[in-house]
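Sharing a structure with you now.
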Amino acid sequence: MTTTEAGATHGYHKQKAEHLKRLRRIEGQIRGLQRMVDEDTYCIDILTQVSASTKALQSFALQLLEEHLRHCVADAAVKGGDEIDAKVDEATKAIGRLLRT
Amino acid sequence: MTTTEAGATHGYHKQKAEHLKRLRRIEGQIRGLQRMVDEDTYCIDILTQVSASTKALQSFALQLLEEHLRHCVADAAVKGGDEIDAKVDEATKAIGRLLRT
Amino acid sequence: MTTTEAGATHGYHKQKAEHLKRLRRIEGQIRGLQRMVDEDTYCIDILTQVSASTKALQSFALQLLEEHLRHCVADAAVKGGDEIDAKVDEATKAIGRLLRT
Amino acid sequence: MTTTEAGATHGYHKQKAEHLKRLRRIEGQIRGLQRMVDEDTYCIDILTQVSASTKALQSFALQLLEEHLRHCVADAAVKGGDEIDAKVDEATKAIGRLLRT
(Lines give C-alpha, C1' and ligand atoms only; values in the text may rest on other atoms or scores of the structure.)
Protein backbone atom coordinates (compact mmCIF):
# COMPACT_ATOMS: atom_id res chain seq x y z
CA MET A 1 0.00 0.00 0.00
CA THR A 2 2.12 2.79 -1.39
CA THR A 3 -0.01 5.57 0.08
CA THR A 4 -0.15 3.85 3.49
CA GLU A 5 0.86 6.03 6.33
CA ALA A 6 0.48 3.19 8.86
CA GLY A 7 0.80 4.41 12.39
CA ALA A 8 -0.12 7.99 11.46
CA THR A 9 -3.57 8.78 12.78
CA HIS A 10 -6.15 9.72 10.19
CA GLY A 11 -9.46 11.47 10.17
CA TYR A 12 -11.32 8.30 11.16
CA HIS A 13 -9.11 7.52 14.17
CA LYS A 14 -11.61 8.77 16.76
CA GLN A 15 -14.40 6.68 15.17
CA LYS A 16 -12.30 3.53 14.93
CA ALA A 17 -14.39 1.40 17.29
CA GLU A 18 -17.62 2.46 15.55
CA HIS A 19 -16.18 1.63 12.11
CA LEU A 20 -14.96 -1.79 13.24
CA LYS A 21 -18.43 -2.54 14.68
CA ARG A 22 -20.04 -1.63 11.34
CA LEU A 23 -17.60 -3.76 9.38
CA ARG A 24 -18.20 -6.77 11.66
CA ARG A 25 -21.95 -6.34 11.03
CA ILE A 26 -21.33 -6.27 7.27
CA GLU A 27 -19.16 -9.39 7.60
CA GLY A 28 -22.13 -11.05 9.33
CA GLN A 29 -24.40 -9.99 6.46
CA ILE A 30 -22.06 -11.63 3.95
CA ARG A 31 -22.08 -14.85 5.97
CA GLY A 32 -25.88 -14.53 6.00
CA LEU A 33 -25.78 -14.45 2.18
CA GLN A 34 -23.78 -17.68 2.21
CA ARG A 35 -26.42 -19.36 4.39
CA MET A 36 -29.20 -18.14 2.06
CA VAL A 37 -27.43 -19.62 -1.00
CA ASP A 38 -26.65 -22.81 0.90
CA GLU A 39 -30.33 -23.19 1.93
CA ASP A 40 -31.61 -22.56 -1.64
CA THR A 41 -33.39 -19.37 -0.62
CA TYR A 42 -35.39 -17.62 -3.36
CA CYS A 43 -33.18 -15.46 -5.63
CA ILE A 44 -35.06 -12.20 -5.00
CA ASP A 45 -34.58 -12.51 -1.21
CA ILE A 46 -30.84 -12.93 -1.75
CA LEU A 47 -30.74 -9.88 -4.05
CA THR A 48 -32.55 -7.86 -1.37
CA GLN A 49 -29.83 -8.85 1.14
CA VAL A 50 -27.10 -7.91 -1.36
CA SER A 51 -28.62 -4.40 -1.65
CA ALA A 52 -28.65 -4.09 2.15
CA SER A 53 -24.95 -5.11 2.39
CA THR A 54 -23.93 -2.78 -0.45
CA LYS A 55 -25.80 0.08 1.22
CA ALA A 56 -24.02 -0.62 4.53
CA LEU A 57 -20.64 -0.62 2.76
CA GLN A 58 -21.46 2.69 1.07
CA SER A 59 -22.52 4.40 4.28
CA PHE A 60 -19.23 3.22 5.87
CA ALA A 61 -17.36 4.69 2.87
CA LEU A 62 -19.28 7.98 3.08
CA GLN A 63 -18.50 8.32 6.79
CA LEU A 64 -14.80 7.66 6.15
CA LEU A 65 -14.81 10.16 3.28
CA GLU A 66 -16.38 12.85 5.47
CA GLU A 67 -13.67 12.39 8.11
CA HIS A 68 -10.99 12.42 5.38
CA LEU A 69 -12.30 15.73 3.98
CA ARG A 70 -12.63 17.27 7.45
CA HIS A 71 -9.13 16.31 8.56
CA CYS A 72 -6.66 15.19 5.87
CA VAL A 73 -7.93 17.51 3.09
CA ALA A 74 -8.61 20.50 5.37
CA ASP A 75 -5.17 20.13 7.05
CA ALA A 76 -3.48 20.07 3.65
CA ALA A 77 -5.31 23.30 2.70
CA VAL A 78 -4.19 25.01 5.88
CA LYS A 79 -0.57 23.85 5.36
CA GLY A 80 -0.64 25.52 1.92
CA GLY A 81 1.65 24.48 -0.94
CA ASP A 82 0.66 21.91 -3.53
CA GLU A 83 -0.30 19.09 -1.12
CA ILE A 84 -3.95 20.21 -1.32
CA ASP A 85 -4.01 19.49 -5.07
CA ALA A 86 -2.81 15.92 -4.51
CA LYS A 87 -5.33 15.40 -1.69
CA VAL A 88 -8.26 16.73 -3.75
CA ASP A 89 -7.14 14.72 -6.76
CA GLU A 90 -7.02 11.40 -4.90
CA ALA A 91 -10.28 12.11 -3.00
CA THR A 92 -12.06 12.83 -6.30
CA LYS A 93 -10.71 9.61 -7.83
CA ALA A 94 -11.89 7.63 -4.78
CA ILE A 95 -15.38 9.20 -5.13
CA GLY A 96 -15.33 8.31 -8.85
CA ARG A 97 -14.59 4.64 -8.04
CA LEU A 98 -17.45 4.59 -5.52
CA LEU A 99 -19.81 6.10 -8.12
CA ARG A 100 -18.97 3.40 -10.65
CA THR A 101 -19.98 0.57 -8.31
CA MET B 1 -45.60 -17.85 -3.49
CA THR B 2 -43.82 -17.34 -0.19
CA THR B 3 -40.65 -15.51 -1.00
CA THR B 4 -38.58 -18.13 0.76
CA GLU B 5 -38.82 -21.47 -0.96
CA ALA B 6 -36.16 -23.38 0.98
CA GLY B 7 -35.55 -26.71 -0.67
CA ALA B 8 -36.95 -25.66 -4.07
CA THR B 9 -34.12 -25.37 -6.55
CA HIS B 10 -33.71 -22.00 -8.21
CA GLY B 11 -31.89 -20.71 -11.21
CA TYR B 12 -28.61 -20.42 -9.33
CA HIS B 13 -28.66 -24.01 -8.02
CA LYS B 14 -26.13 -25.35 -10.53
CA GLN B 15 -23.71 -22.47 -9.71
CA LYS B 16 -24.07 -22.87 -5.96
CA ALA B 17 -20.46 -23.87 -5.25
CA GLU B 18 -19.16 -20.98 -7.38
CA HIS B 19 -21.42 -18.47 -5.62
CA LEU B 20 -20.38 -19.69 -2.16
CA LYS B 21 -16.70 -19.37 -3.19
CA ARG B 22 -17.31 -15.74 -4.30
CA LEU B 23 -19.13 -14.87 -1.10
CA ARG B 24 -16.34 -16.33 1.03
CA ARG B 25 -13.87 -14.18 -0.90
CA ILE B 26 -16.02 -11.09 -0.24
CA GLU B 27 -16.21 -12.05 3.44
CA GLY B 28 -12.39 -12.13 3.42
CA GLN B 29 -12.32 -8.65 1.81
CA ILE B 30 -14.54 -7.29 4.60
CA ARG B 31 -12.22 -8.77 7.22
CA GLY B 32 -9.37 -7.16 5.28
CA LEU B 33 -11.15 -3.81 5.70
CA GLN B 34 -11.28 -4.39 9.45
CA ARG B 35 -7.51 -5.00 9.52
CA MET B 36 -6.89 -1.84 7.50
CA VAL B 37 -8.95 0.27 9.94
CA ASP B 38 -7.31 -1.44 12.91
CA GLU B 39 -3.81 -0.71 11.52
CA ASP B 40 -4.65 2.98 10.82
CA THR B 41 -4.22 2.55 7.09
CA TYR B 42 -4.64 5.69 4.97
CA CYS B 43 -8.33 6.53 4.29
CA ILE B 44 -8.01 6.48 0.50
CA ASP B 45 -6.60 2.93 0.51
CA ILE B 46 -9.57 1.80 2.58
CA LEU B 47 -12.01 3.50 0.19
CA THR B 48 -10.32 1.71 -2.72
CA GLN B 49 -10.92 -1.63 -0.97
CA VAL B 50 -14.56 -0.70 -0.30
CA SER B 51 -15.05 -0.11 -4.04
CA ALA B 52 -13.51 -3.52 -4.79
CA SER B 53 -15.83 -5.26 -2.30
CA THR B 54 -18.91 -3.42 -3.58
CA LYS B 55 -17.98 -4.36 -7.15
CA ALA B 56 -17.62 -8.02 -6.14
CA LEU B 57 -21.04 -7.95 -4.46
CA GLN B 58 -22.60 -6.39 -7.56
CA SER B 59 -21.13 -8.95 -9.92
CA PHE B 60 -22.48 -11.70 -7.64
CA ALA B 61 -25.91 -10.01 -7.77
CA LEU B 62 -25.77 -9.66 -11.56
CA GLN B 63 -24.90 -13.35 -11.97
CA LEU B 64 -27.78 -14.36 -9.69
CA LEU B 65 -30.14 -12.04 -11.57
CA GLU B 66 -29.16 -13.55 -14.92
CA GLU B 67 -29.90 -17.06 -13.64
CA HIS B 68 -33.20 -15.83 -12.17
CA LEU B 69 -34.26 -14.34 -15.53
CA ARG B 70 -33.16 -17.42 -17.47
CA HIS B 71 -34.98 -19.88 -15.20
CA CYS B 72 -37.59 -18.47 -12.81
CA VAL B 73 -38.85 -15.65 -15.10
CA ALA B 74 -38.65 -17.68 -18.33
CA ASP B 75 -40.44 -20.66 -16.71
CA ALA B 76 -43.23 -18.36 -15.51
CA ALA B 77 -43.63 -17.02 -19.07
CA VAL B 78 -43.88 -20.54 -20.49
CA LYS B 79 -46.44 -21.56 -17.83
CA GLY B 80 -48.61 -18.63 -18.92
CA GLY B 81 -51.20 -16.98 -16.65
CA ASP B 82 -50.42 -14.00 -14.49
CA GLU B 83 -47.38 -15.43 -12.68
CA ILE B 84 -45.10 -13.75 -15.23
CA ASP B 85 -46.38 -10.31 -14.18
CA ALA B 86 -45.51 -11.00 -10.54
CA LYS B 87 -42.06 -12.32 -11.52
CA VAL B 88 -41.26 -9.31 -13.74
CA ASP B 89 -42.56 -6.94 -11.09
CA GLU B 90 -40.37 -8.33 -8.29
CA ALA B 91 -37.31 -8.65 -10.59
CA THR B 92 -37.67 -4.97 -11.61
CA LYS B 93 -37.99 -3.90 -7.97
CA ALA B 94 -34.85 -5.91 -7.10
CA ILE B 95 -32.95 -4.20 -9.97
CA GLY B 96 -34.24 -0.83 -8.71
CA ARG B 97 -32.83 -1.51 -5.23
CA LEU B 98 -29.46 -2.49 -6.72
CA LEU B 99 -29.42 0.73 -8.80
CA ARG B 100 -29.98 2.86 -5.71
CA THR B 101 -26.94 1.53 -3.91
CA MET C 1 -27.73 0.53 -34.49
CA THR C 2 -27.03 -3.10 -35.28
CA THR C 3 -29.68 -4.53 -32.97
CA THR C 4 -32.30 -1.99 -34.11
CA GLU C 5 -35.57 -3.52 -35.09
CA ALA C 6 -37.00 -0.14 -36.20
CA GLY C 7 -40.68 -0.36 -37.05
CA ALA C 8 -41.17 -3.51 -34.95
CA THR C 9 -43.19 -2.60 -31.86
CA HIS C 10 -41.48 -3.27 -28.58
CA GLY C 11 -42.56 -3.66 -25.01
CA TYR C 12 -42.63 0.08 -24.42
CA HIS C 13 -44.82 0.86 -27.43
CA LYS C 14 -48.03 1.38 -25.41
CA GLN C 15 -46.21 3.77 -23.03
CA LYS C 16 -44.55 5.77 -25.81
CA ALA C 17 -46.30 9.08 -25.08
CA GLU C 18 -45.52 8.79 -21.36
CA HIS C 19 -41.83 8.02 -22.06
CA LEU C 20 -41.52 10.97 -24.46
CA LYS C 21 -43.07 13.26 -21.81
CA ARG C 22 -40.52 12.07 -19.22
CA LEU C 23 -37.61 12.55 -21.59
CA ARG C 24 -38.73 16.09 -22.47
CA ARG C 25 -38.86 16.86 -18.73
CA ILE C 26 -35.30 15.51 -18.33
CA GLU C 27 -34.20 17.61 -21.31
CA GLY C 28 -35.66 20.63 -19.48
CA GLN C 29 -33.70 19.67 -16.34
CA ILE C 30 -30.45 19.58 -18.34
CA ARG C 31 -31.19 23.03 -19.75
CA GLY C 32 -31.87 24.09 -16.16
CA LEU C 33 -28.36 22.91 -15.27
CA GLN C 34 -26.96 25.07 -18.05
CA ARG C 35 -28.76 28.13 -16.62
CA MET C 36 -27.44 27.37 -13.12
CA VAL C 37 -23.84 27.17 -14.40
CA ASP C 38 -24.35 30.29 -16.51
CA GLU C 39 -25.69 32.23 -13.48
CA ASP C 40 -22.80 31.10 -11.22
CA THR C 41 -25.13 29.17 -8.91
CA TYR C 42 -23.49 27.54 -5.88
CA CYS C 43 -21.83 24.17 -6.75
CA ILE C 44 -23.83 22.12 -4.23
CA ASP C 45 -27.15 23.30 -5.70
CA ILE C 46 -25.98 22.21 -9.15
CA LEU C 47 -24.92 18.80 -7.81
CA THR C 48 -28.38 18.40 -6.24
CA GLN C 49 -29.95 19.03 -9.65
CA VAL C 50 -27.59 16.53 -11.28
CA SER C 51 -28.77 13.85 -8.82
CA ALA C 52 -32.40 14.68 -9.65
CA SER C 53 -31.73 14.34 -13.40
CA THR C 54 -29.79 11.09 -12.98
CA LYS C 55 -32.61 9.68 -10.86
CA ALA C 56 -35.17 10.63 -13.53
CA LEU C 57 -33.04 8.93 -16.22
CA GLN C 58 -32.76 5.78 -14.09
CA SER C 59 -36.48 5.55 -13.42
CA PHE C 60 -37.07 5.90 -17.19
CA ALA C 61 -34.55 3.07 -17.76
CA LEU C 62 -36.17 0.87 -15.11
CA GLN C 63 -39.62 1.37 -16.66
CA LEU C 64 -38.27 0.47 -20.09
CA LEU C 65 -36.49 -2.58 -18.66
CA GLU C 66 -39.68 -3.80 -17.00
CA GLU C 67 -41.58 -3.58 -20.29
CA HIS C 68 -38.69 -5.34 -22.07
CA LEU C 69 -38.76 -8.23 -19.58
CA ARG C 70 -42.54 -8.49 -19.70
CA HIS C 71 -42.74 -8.56 -23.49
CA CYS C 72 -39.50 -9.20 -25.41
CA VAL C 73 -37.93 -11.62 -22.88
CA ALA C 74 -41.19 -13.38 -21.98
CA ASP C 75 -42.13 -13.80 -25.68
CA ALA C 76 -38.72 -15.32 -26.40
CA ALA C 77 -39.25 -17.81 -23.55
CA VAL C 78 -42.63 -18.83 -24.90
CA LYS C 79 -41.20 -19.24 -28.45
CA GLY C 80 -38.63 -21.67 -27.04
CA GLY C 81 -35.29 -22.35 -28.75
CA ASP C 82 -32.13 -20.44 -27.90
CA GLU C 83 -33.51 -16.91 -28.41
CA ILE C 84 -34.24 -16.68 -24.68
CA ASP C 85 -30.54 -17.09 -23.88
CA ALA C 86 -29.62 -14.18 -26.15
CA LYS C 87 -32.40 -12.01 -24.68
CA VAL C 88 -31.38 -12.76 -21.07
CA ASP C 89 -27.74 -12.23 -21.93
CA GLU C 90 -28.27 -8.79 -23.45
CA ALA C 91 -30.74 -7.73 -20.71
CA THR C 92 -28.18 -8.67 -18.02
CA LYS C 93 -25.45 -6.73 -19.81
CA ALA C 94 -27.75 -3.68 -20.05
CA ILE C 95 -28.47 -3.95 -16.28
CA GLY C 96 -24.72 -4.24 -15.66
CA ARG C 97 -24.07 -0.99 -17.58
CA LEU C 98 -26.78 0.79 -15.58
CA LEU C 99 -25.26 -0.48 -12.31
CA ARG C 100 -21.84 0.92 -13.24
CA THR C 101 -23.16 4.46 -13.68
CA MET D 1 -24.65 31.09 3.69
CA THR D 2 -27.64 30.92 1.39
CA THR D 3 -26.98 28.01 -0.90
CA THR D 4 -27.53 30.12 -3.99
CA GLU D 5 -24.85 32.75 -4.39
CA ALA D 6 -25.60 34.06 -7.86
CA GLY D 7 -22.84 36.40 -8.96
CA ALA D 8 -20.25 35.02 -6.54
CA THR D 9 -17.62 33.07 -8.44
CA HIS D 10 -17.22 29.45 -7.46
CA GLY D 11 -14.63 26.79 -8.01
CA TYR D 12 -16.00 25.94 -11.46
CA HIS D 13 -15.97 29.52 -12.75
CA LYS D 14 -12.81 29.10 -14.85
CA GLN D 15 -14.23 25.92 -16.46
CA LYS D 16 -17.62 27.48 -17.19
CA ALA D 17 -17.41 27.28 -20.99
CA GLU D 18 -16.26 23.66 -20.84
CA HIS D 19 -19.11 22.72 -18.48
CA LEU D 20 -21.72 24.43 -20.66
CA LYS D 21 -20.37 22.54 -23.70
CA ARG D 22 -20.69 19.21 -21.83
CA LEU D 23 -24.22 20.00 -20.71
CA ARG D 24 -25.29 20.93 -24.25
CA ARG D 25 -23.91 17.58 -25.43
CA ILE D 26 -25.90 15.77 -22.72
CA GLU D 27 -28.99 17.74 -23.75
CA GLY D 28 -28.40 16.46 -27.29
CA GLN D 29 -28.13 12.88 -25.96
CA ILE D 30 -31.51 13.25 -24.22
CA ARG D 31 -33.08 14.50 -27.45
CA GLY D 32 -31.45 11.49 -29.13
CA LEU D 33 -33.27 9.26 -26.64
CA GLN D 34 -36.54 10.90 -27.63
CA ARG D 35 -35.86 10.13 -31.32
CA MET D 36 -35.02 6.51 -30.47
CA VAL D 37 -38.32 6.08 -28.58
CA ASP D 38 -40.22 7.87 -31.33
CA GLU D 39 -38.69 5.57 -34.01
CA ASP D 40 -39.49 2.39 -32.01
CA THR D 41 -35.81 1.56 -31.58
CA TYR D 42 -35.03 -1.71 -29.77
CA CYS D 43 -35.22 -1.36 -25.94
CA ILE D 44 -31.64 -2.51 -25.29
CA ASP D 45 -30.20 0.17 -27.62
CA ILE D 46 -32.16 2.82 -25.71
CA LEU D 47 -30.89 1.48 -22.36
CA THR D 48 -27.32 1.65 -23.71
CA GLN D 49 -27.86 5.33 -24.55
CA VAL D 50 -29.32 5.97 -21.07
CA SER D 51 -26.13 4.55 -19.51
CA ALA D 52 -24.02 6.83 -21.72
CA SER D 53 -26.04 9.91 -20.71
CA THR D 54 -25.94 8.99 -17.00
CA LYS D 55 -22.19 8.47 -17.25
CA ALA D 56 -21.78 11.91 -18.88
CA LEU D 57 -23.86 13.53 -16.11
CA GLN D 58 -21.74 11.81 -13.45
CA SER D 59 -18.44 12.88 -14.94
CA PHE D 60 -19.78 16.48 -15.06
CA ALA D 61 -20.75 16.15 -11.37
CA LEU D 62 -17.33 14.71 -10.45
CA GLN D 63 -15.53 17.56 -12.19
CA LEU D 64 -17.70 20.14 -10.40
CA LEU D 65 -17.11 18.37 -7.08
CA GLU D 66 -13.35 18.40 -7.59
CA GLU D 67 -13.39 22.16 -8.21
CA HIS D 68 -15.66 22.64 -5.17
CA LEU D 69 -13.24 20.74 -2.93
CA ARG D 70 -10.21 22.53 -4.34
CA HIS D 71 -11.68 26.01 -3.92
CA CYS D 72 -14.76 26.37 -1.71
CA VAL D 73 -13.83 23.65 0.84
CA ALA D 74 -10.09 24.46 0.88
CA ASP D 75 -10.80 28.21 1.27
CA ALA D 76 -13.11 27.50 4.21
CA ALA D 77 -10.34 25.43 5.86
CA VAL D 78 -7.83 28.23 5.44
CA LYS D 79 -10.31 30.80 6.84
CA GLY D 80 -10.65 28.65 9.99
CA GLY D 81 -13.69 28.72 12.27
CA ASP D 82 -16.62 26.40 11.85
CA GLU D 83 -17.35 27.14 8.18
CA ILE D 84 -15.26 24.12 7.18
CA ASP D 85 -17.63 21.80 9.09
CA ALA D 86 -20.64 23.13 7.17
CA LYS D 87 -18.78 22.83 3.85
CA VAL D 88 -17.67 19.23 4.52
CA ASP D 89 -21.14 18.33 5.74
CA GLU D 90 -22.91 19.60 2.62
CA ALA D 91 -20.24 18.14 0.27
CA THR D 92 -20.65 14.70 1.90
CA LYS D 93 -24.45 14.90 1.58
CA ALA D 94 -24.10 15.82 -2.11
CA ILE D 95 -21.77 12.82 -2.64
CA GLY D 96 -24.30 10.63 -0.82
CA ARG D 97 -27.08 11.73 -3.19
CA LEU D 98 -24.88 10.99 -6.20
CA LEU D 99 -24.09 7.52 -4.80
CA ARG D 100 -27.78 6.69 -4.44
CA THR D 101 -28.55 7.33 -8.10
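So that you can tell them apart, the chains are marked A, B, C and D in the order they are listed, and the count of residues begins at 1 in each.
Going forward, a contact is a pair of C-beta atoms (placed from the backbone, for glycine too) under 8 Å apart; a residue touches a chain by one contact, two chains touch by 3 or more.
Treat the numbers as computed from the prediction; the structure is a model and nothing was measured.
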item: Pair joined by more contacting C-beta pairs (A-D or B-D); value: A-D
item: Relative to subunit C, chain with the most remote C-alpha centre; value: A
item: Rounded Å distance between subunit A and subunit D, as computed from the means of their C-alpha atoms; value: 22
item: Subunit C-subunit D separation of Cα centroids, rounded to whole Å; value: 19
item: Separation of subunit B from subunit D, taking each centre as the mean of its C-alpha atoms, in whole Å; value: 29
item: Sites on subunit D at which at least two other chains make contact; value: 58, 65, 91, 98-101
item: In the complex with subunit C, residue positions of subunit A that touch it; value: 99-101
item: Residues of subunit D defined as touching subunit C within the complex; value: 3-13, 16, 19-20, 23-24, 26-27, 30-31, 33-34, 37-48, 50-51, 53-55, 57-58, 60-61, 64-65, 67-68, 72, 90-91, 94, 97-98, 100-101
item: Touching residues on subunit D, where the partner in the complex is subunit A; value: 58, 62, 65-66, 69-70, 73-75, 77-78, 80, 84-85, 88-89, 91-92, 95-96, 98-99
